[in-house]
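Across the two complexes that follow, chain A remains constant while its partner is chain B and subsequently chain C.
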Partner chain A sequence: MNDDILVGGHISRQFDQELDEIRSRVLKMGGLVEAQLDKTLDALRSGDSSGITDVEKLDRKVNKLEMQIDEECTQILAKRQPAAGDLRMIIATTKSVRDLERIGDEAERVAHMVRHVLDNGAAPKSYSGLLALGEEVKELLHDTLNTYARMETRSAVKNMRKDQDVDDEYARVLMHLIEFMKTDPDHIAGALDVMWAARSLERIGDHCINICENVIYLVEGEDVRHTKLSRIKKQLS
Partner chain B sequence: MAENSKQTMNDTYETTGIPLLKDSKLSVRNVDVFYGDKQAIFDVNLDIGKNQVISMIGPSGCGKSTFLRCLNRMNDTIDICNVTGEIKLEDQNIYDRSIDVVELRARVGMVFQKPNPFPKSIYENVAYGARIHGLTDNKLELDELVESSLKRCGLWKEVKERLLEPATGLSGGQQQRLCIARAIAVNPEVILMDEPCSALDPIATATVEELIHELSQNFTICIVTHSMQQAARVSQRTAYFHLGKLIEVNDTSVVFTNPKHQLTEEYITGRIG
Partner chain C sequence: MNDDILVGGHISRQFDQELDEIRSRVLKMGGLVEAQLDKTLDALRSGDSSGITDVEKLDRKVNKLEMQIDEECTQILAKRQPAAGDLRMIIATTKSVRDLERIGDEAERVAHMVRHVLDNGAAPKSYSGLLALGEEVKELLHDTLNTYARMETRSAVKNMRKDQDVDDEYARVLMHLIEFMKTDPDHIAGALDVMWAARSLERIGDHCINICENVIYLVEGEDVRHTKLSRIKKQLS
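So, the complex of A and B:
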């Protein structure tokens, strides 16, 4: 699908501008939540928790952007009564913005856990699996933001497949943690922290998939929520 | 490519969506319309369902009115206009020689863009059709017909005290509802409306739209509108015309959320006017 039909080409150039503005704000918001996750993983990797206050600061910016974009979408609905692709664009945007905001929240939750674990001097061994999971989710988030920026259904489907890898990795981390807790009952509290963090990372993956589904809806007009991947592929071909 | 896609008079094309139905009140096949040697409608195929509202949308000059006027042979009144193809009302070809056009227009009534009441009383406006179509001449029956027609159009309460006053004294919205009352007084099967609200304010428009919705219980309604929002509000099906071709016909809900033809999308989203 070409760019023009998504935001440009209206007789009303002002409408084009409004849509374009919303789109760049969503992309900016995506960049911020990506930075939240990056900084969190950096702290985990380096054992230095000083970057985590940045994650909190970013979260406030993300929240603000969510409200701003929602307001702009509301204005467009009220003033322009968009239809067809424009309508889907607005619907998909308000939904995606919500997912982005949640991703920010989950990243912040992981960040707090990381700080907690690091401050208590936990052994890196217990969270090496978490880092691997984090890297996978980070890649998925990055790809999802690209999918959104380019409005590509093909990469949206690819990301959905990748989320299944994330789910598998999450299951591995859990198994590993359960084993760890059995053999080392003294560190159950720390292990539970890691477990919650893993859960948050897995949730980020789910939000990425919501965004990918929104992109498919926006571009194709197909609602692919609660649909098996194999079926989605058939539906889109 | 550019050369191939250029449109010519005998260019064939297929209408996107669902133009044909299993059950239809009106069925239009291979209809072309010419004004002199200029073709205005190209090979239109369309079924119109019974007791449904279908709206015709498209840029100005795309042939909406021309098409609508085919459905009750209103184009016959334009000398240079020539219609070919087949249009069936139930099982009868309305262009058949045996068809009495006056009778046809009683079965397929029309409401125009500008409210056009006759310069007569409110009462006479509604009673007129019944008289000329020989429905009744009986005063009591006429009274009843006038009352029920005005009631169905939600106008009775507003005008019952002034039935003998000139219709031209009514507001624009009232006049348009009066014209609709006049159209339904002869008990047609189909009502054609050509931009019936374009001369009305938003409140009067809402009243007429509500009326269209109610009438669709008993009548088949084809409405031409330049307001996409109106098409979205009042019709079950929407037909999109472009340069005389019927580009897409689909359920209104599809056309306004996910039209299947690029030209429909561009028009609906305000990219072509």
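So, the complex of A and C:
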């Protein structure tokens, strides 16, 4: 008899290990994406764009991990044919991994904009709000990874609220930039770079919320996409 | 004995029907998303924003279908435990459905921008290029849905090339808008609306390419994300 069978929470101890491995790979991927955003914000803060090459290098690692995790999830589905909770875990994981990869892409976009802005010596005035927005988004990403690691619906809902703050901050940055462009039309192209960067940061927030929704789906078995925040809170209380 | 078993290509005729149903639902969803983009471009062409309410109504239908298809895919995974090709079909479907839903979101964004631009009576000069870009994207979306319906890798690769044309057109629109803003700083806000709309159209192209990549993955069992187009063509030739 195969001693791999009927041990622990699952039929197979091996299966438990495989699921654990996927979870820890996702968190590793999350850590890399966080590092991409960190290095981008460092460049913006210090005015030194040399760290941006690292952001690109990290992106290749992130992409590789995404495909690897996806492949592992597919294999588990084919080999283990998981039911209920495990199945939800795997579906939520492949989705979250896609969002993480997109976050990495957006971080890289921001990094390129930052390099472009720094190389062209744009007036710091035009990007003062960008750093504040970036810090908020960085915190949201960090909290989102914690939410995923601990599979907590309560913190998932908290993060959704935080994303609304990010959206408000983004709107402020935008208004400020429009004013700047009106008074200084010669620097429109530079201001637009800052605007795209702000937009990418705002998108990172959206991807974080997707991951939080996946956690809620995983834990509660409840699909909360396209559901208003107030209703989600009510459902989970 | 259950007559549902050992009939047709699959163990179960019922299973074949379920897969067919999912495929046709995806195409139905694709049709709705196409209608969203069509109605948006109609409004832009005619200068009449009354059809934009339909775009919003369609979006609710699209969102509903996304969740429904996702739920059906999950149930099939749990109940049928499909192997190899069918499994890839289901994974590719849940991913494509997500891209379709995003395309719908972007189309709605464009629609709102168009309404905003029309309501504010912005100079048509600033959005002349937008319609051309929209037409190209519309064609790409149509071709992408055909690619999905027929599961053709050859046309998938062709669409990827088309997306490069979309990107070039987008770059032209952008340059034109920057010039416009420089010479007419009073209309910066309006020109930015057009810019966001152009960005959303370009994103629709990206989502189409994701769907094409999913088709290649499905047919060839080959993960072509993060792979250069020239290499994909080589792999498939």
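The working rule: the second predicted complex is superposed on the first by the 229 of 237 C-alpha atoms of A that agree within 3 Å, B and C clash if a C-alpha of one lies under 4 Å from a C-alpha of the other, contacts with A are read in each partner's own complex, and residues count from 1 in each chain.
The working rule: contacts are C-beta pairs under 8 Å (C-beta built on N, C-alpha and C of every residue); 3 or more make two chains touch, one makes a residue touch a chain.
Here the structure is a predicted model, which is why all the values come from computation and not from measurement.
A.B. asks: Give one of first, second, both or neither to describe whether A:Ala149 is in contact with chain B, with chain C, with both, or with none.
C.D. replies: Neither partner.
A.B. asks: Applying the touch criterion given at the start, work out whether A:Leu131 contacts chain B, chain C, both or neither, answering first, second, both or neither.
C.D. replies: Touch partners of A:Leu131: none, neither chain B nor chain C.
A.B. asks: In the superposed arrangement, does A:Leu236 touch chain B (first), chain C (second), both or neither?
C.D. replies: neither
A.B. asks: Which of the two partners, first being chain B and second being chain C, lies in contact with A:Ile188: first, second, both, or neither?
C.D. replies: Second partner only.
A.B. asks: Which touches a greater number of chain A residues, chain B or chain C?
C.D. replies: Comparing touch counts on chain A for chain B and chain C gives C.
A.B. asks: Touching A:Leu77, do we find chain B (first), chain C (second), both, or neither?
C.D. replies: Only chain C is touched by A:Leu77; chain B is not.
A.B. asks: Determine, under the contact definition given at the top, whether A:Ser12 touches first (chain B), second (chain C), both, or neither.
C.D. replies: After superposition on chain A, A:Ser12 lies in contact with chain B alone.
A.B. asks: Looking at A:Ala35, would you say it contacts chain B, chain C, both, or neither? Reply first, second, both or neither.
C.D. replies: neither
A.B. asks: Once chain A of both complexes is superposed, is A:Ile178 in touch with chain B (first), chain C (second), both, or neither?
C.D. replies: After superposition on chain A, A:Ile178 lies in contact with chain C alone.
A.B. asks: Common interface residues of chain A with chain B and chain C?
C.D. replies: 81, 83-84, 87-88
A.B. asks: Sort out for me which residues of chain B touch chain A in the complex.
C.D. replies: On the chain B side, the touching residues are 228-229, 232, 255-259, 262, 264-266, 268-273.
A.B. asks: For the complex, which residues does chain C have touching chain A?
C.D. replies: My answer: residues 63-64, 66-67, 70-71, 74, 77-78, 81, 83-84, 87-88, 91, 94-95, 98, 178, 181-182, 185-186, 188-189, 192, 195, 199, 223, 225-226.
A.B. asks: Mind pulling up the chain A residues that touch chain B in the complex?
C.D. replies: Residues 5, 9-12, 15, 81-88, 221 of chain A touch chain B in their complex.
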